[in-house]
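Got some structures for you, see below.
You will see chain A twice below: alongside chain B first, and alongside chain C after that.
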Partner chain A sequence: MCRIEIREQEFNADFIRAFFPKLDYGVLKSTLESLGDDSLKLDSVEDIDGQPEDFLRLLHKVLLEMDVTQGEMTCGNCQHKYQINEGIPNMLLGADEI
Partner chain B sequence: MKFLLVFSQSLLDFRLAELDSVVEVLNLDLSRPSDENVDLNSACLVVDIGSEDGARALAGRCVLIKHIIQIFAQGSSYDDLHENNKKAVHLWKVYTDKTFAFNVEAAYKSIPKERRMNIINAFSYMQFTAQVNFKKPYIQYEVFEEHKADINSDVDHAHTYAPRLFHRVYFGRFIAFGQRSLVPKFDVKKRAYFGNTSMESEVTVLMANQALARKGTLIWDPFVGTGSMLYLCAYFGSYVMGSDLDGRQMRGQPGKQHTGHPGSRAGGILSAAKDYGVLDKFLDLFTADVTRIGWRTGGTLDAIVTDPPYGVRAGAKRIGLKQGVEYKESYSAQPRPPTQDYDLLNLTIDLVVMSAYLLKRGGRLVYFLPTVNEEYKETDVPTCQGMRIIANSVQDFGKWSRRLITMEKFEDIDTDDSLQNILSNIDINTADKNVSHSNFREKFFRAFEPLEEQIVNQ
Partner chain C sequence: MVKKHELPLPSEEDIALLHKSPTTFEDDNVHKIYDEIANHFSSTRYKPWPIISRFLQSIEKHAMGLDAGCGNGKYLPLAEHLFGLDRSVNLLKHAQRAGDADKQVVLADTLHSVTRRHIFVGILQLQHSHLTYRQDYAISIATIHHLATEKRRVESVQSLLNSVCLNGGRILVYVWALEQGEDSRRAVPENSTTSSNSKGLDVWVPWVNKADGRVYNRYYHLFERGELRCITEEASVQSKVKIQVVQEGYEKDNWYIELRTHGSI
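Moving on to the complex of A and B:
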């Protein structure tokens, strides 16, 4: 069971551009697809500064506005499931993992 | 242009730190006297600012400034003032045919009405040709008397009731009020959601200023509690995120009505953010153990702003087993993993090192550190490779103090390697384990008496 809400945030193109180099775009795209959303069409982005504002707005929406309020994230490495409850993901490890 | 900054007489030691941070965040052309030439027991500071707009912008961010006056003239006596004012005719001539009002004030003193009238009348040589208009004057003239503590008195000079002597008088025009109004606006008591350790609003404005909060920056509070630091950072335009070991505090109980009781959890952080009109800056809240934070990309945050739990009213915890407790199978079935106490000594070191990794170059760590006055040494504040202390402002509570520490990440450290590798390779400066904030809780509850003495008393 997964629930997604859109929480509007102020758009700031400079912020998205500056943040982009820290982002693994491929992972973002596949995560979004796992939520059943295929709005990110580009397979890879070489040059963020050359991208049109529409693309920045799309990234803004995915990164800042989409809020998974109910669901879980599964670690690709250890398969730990991190629950998301009322919009707050629980990133704590279990006692047996520390 | 010369301006007089009239300061509030609270949190004296935070004054210059706030001023410097706001000058940096707004990129203002301002010069002030050096630290040793500033008397914090006076409400007045004369600075040079490039433009009137600059002065207005400064007033628009500083919570410790009451108001700003453009100085026409000043003097060590009223005779001296008028002599200088007559020479400064080029500064005020353009206003003499405009509607005006006069305000006469003094720091720490009230001036009787009769004397105020005499002071105002003495300016009649300026030949005002327009009407007085108290409601909406084109120009408001300001006379401000600076009174300083009597150095021969044995009362604490910072005390409000310390005897004071006339020092200087300034004459000019009113430019703008500072941000004192943010103090009631963000007052914890009026908030939809707060807890028993929520930080008071005046201090949270200071913290947001120290963090250089502004549009397009990203700020995180790892001990977010009820979110007090984040509201102000968001108010100044930053995107904010918060995390805590316990998700219940952040969530609140959205369905419930707020009863006004401090223990009430109605609403949660997002509902308070909505009340303040800053919900569009709250990116996310998440439950996490600050010692095992999941981020794998450093150099991403502009500031980390936090008030870590001291252990007095609320203690810091981390995931792990308490000393002497063995792991049981049943733990893995618990919804909440077991926690152990997390001493302030380790917490502050972890915070600084984590900041060195997570902050961008030029980013800031702003946090409160409680210290024991008798034991405190400047070297108690931990630093590490890449991080330096740029402000250390103290609020004194008698036997103990809390210090607002502002650190800057001034050089890049390698953030490409994994966090664990980076953290184990970093140089950390913790001179000794015997810092005044270690075991702070125990010291607090024995009223900061030395251990041996207490045993004798018993």
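Moving on to the complex of A and C:
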């Protein structure tokens, strides 16, 4: 079961532009899609400075305001499942998994 | 004159357990205790220490940081994009609402989580995108003195070095000092001798819990003068990350060191 909550945060276009180069946009897009959200339409973004404010606001929403409060994450490498409970992802590993 | 409470020392059996399995020892003598005392403990931890506040105020705009061992999150409101990591889920429940705002936190181990960056994909990318990338800065406040062996304390600093940018990444580490000041309520037993092959001193620090009146002995490794510098230099060699010491010193019964990464060795 997955639960998503939206927590409003103040929009800051400069922050989104500064943060964007660190992001793997493709992973963000596919993650959103795995949550049933297809709001990111662009397949790739070459130049963040050339993007309209609407797009920056969309990024702001999915990066800073969307909070997965219940769900699980599957590691792309080892398929280990990490649970998210009450908004806290549990990244602890058992002694045999370290 | 402040009334001093002498800190109890671990017995030989305790030390044997520590060496047999440091992780089980930390689980029993640190993590489980913080989960038990979280509510009372959190109510006593609200005042930021000056060196740490100044460090956070000096962080560049839009920079993203990690508080590795954030406890109840008392530092999270002091910087805009600082997220918290801790071993105690009950302390994290406080951290999530630190400063009456929504904060991003993750339940993880300071030793492994940040070096296992590659696993932070999927939903975490969305929620904690910052975790997948090197941070601009990281702080470790009153955390690594809970790790049971020198090797683990070095590894935790390595983990910090690996979590920030290779060039210009900023780190602040703060640990409890063996040398307790005059105003400290704690006293280190005078006749205690540290074993020749290790620095500092392992002690129990009792916590009298308000809810049940029980006394919980938390494990601490008290750092002696020069020891923090020594383990950061070892961590730098091990992780092959060149470091520059920006400042180091003693504040309120604690040793601290501020580092800046300087490329790889």
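The working rule: the second predicted complex is superposed on the first by the 98 of 98 C-alpha atoms of A that agree within 3 Å, B and C clash if a C-alpha of one lies under 4 Å from a C-alpha of the other, contacts with A are read in each partner's own complex, and residues count from 1 in each chain.
Here, a residue touches a chain if its C-beta (ideal position, glycine included) is under 8 Å from a C-beta of that chain, and two chains touch if they have at least 3 such contacts.
Because the structure is predicted, anything quoted here is derived from the model rather than measured.
A.B. asks: Given the alignment on chain A, is it a clash or a fit between chain B and chain C?
C.D. replies: Clash - chain B and chain C, as placed by superposing on chain A, overlap.
A.B. asks: Does the superposition put A:L42 against chain B (first), chain C (second), both, or neither?
C.D. replies: neither
A.B. asks: So, A:R7: does it touch chain B (first), chain C (second), both, or neither?
C.D. replies: After superposing on A, A:R7 lies in contact with both chain B and chain C.
A.B. asks: Quick one: classify A:V62 as touching chain B (first), chain C (second), both or neither.
C.D. replies: So A:V62 only meets chain C here.
A.B. asks: Report the partner of chain A that touches more of its residues: chain B or chain C.
C.D. replies: In the superposed model, C touches more residues of chain A.
A.B. asks: Let me test your reading of the model: by the given contact rule, A:L32 touches which partner, first (chain B), second (chain C), both or neither?
C.D. replies: second
A.B. asks: With both complexes overlaid on chain A, does A:L92 touch chain B (first), chain C (second), both or neither?
C.D. replies: both
A.B. asks: Both chain B and chain C contact which residues of chain A?
C.D. replies: 7, 9, 14-15, 18-19, 22, 67, 86-93, 95, 98
A.B. asks: Give the list of chain A residues in touch with chain B in this complex.
C.D. replies: Listed in rising order, the residues of chain A that touch chain B are 7-10, 12, 14-15, 18-19, 22, 64, 67, 85-96, 98.
A.B. asks: Considering only the defined contacts, which chain C positions touch chain A in the complex?
C.D. replies: Chain C reaches chain A through residues 23, 62, 64, 81, 87, 89, 92-93, 96, 102, 105-109, 112-113, 116, 118-130, 132-133.
A.B. asks: Enumerate the contact residues on chain A facing chain C in the complex.
C.D. replies: Within the complex, chain A touches chain C at residues 7, 9, 14-15, 18-19, 22-24, 27-28, 31-32, 34-35, 62-63, 66-68, 71-78, 80, 82, 84, 86-93, 95, 98.
A.B. asks: Sort out for me which residues of chain B touch chain A in the complex.
C.D. replies: Within the complex, chain B touches chain A at residues 215-216, 218, 239, 243, 245, 247, 250-251, 254, 270, 279-281, 283-289, 292-294, 297, 299-300, 319-321, 327, 331-332, 334, 336-338.
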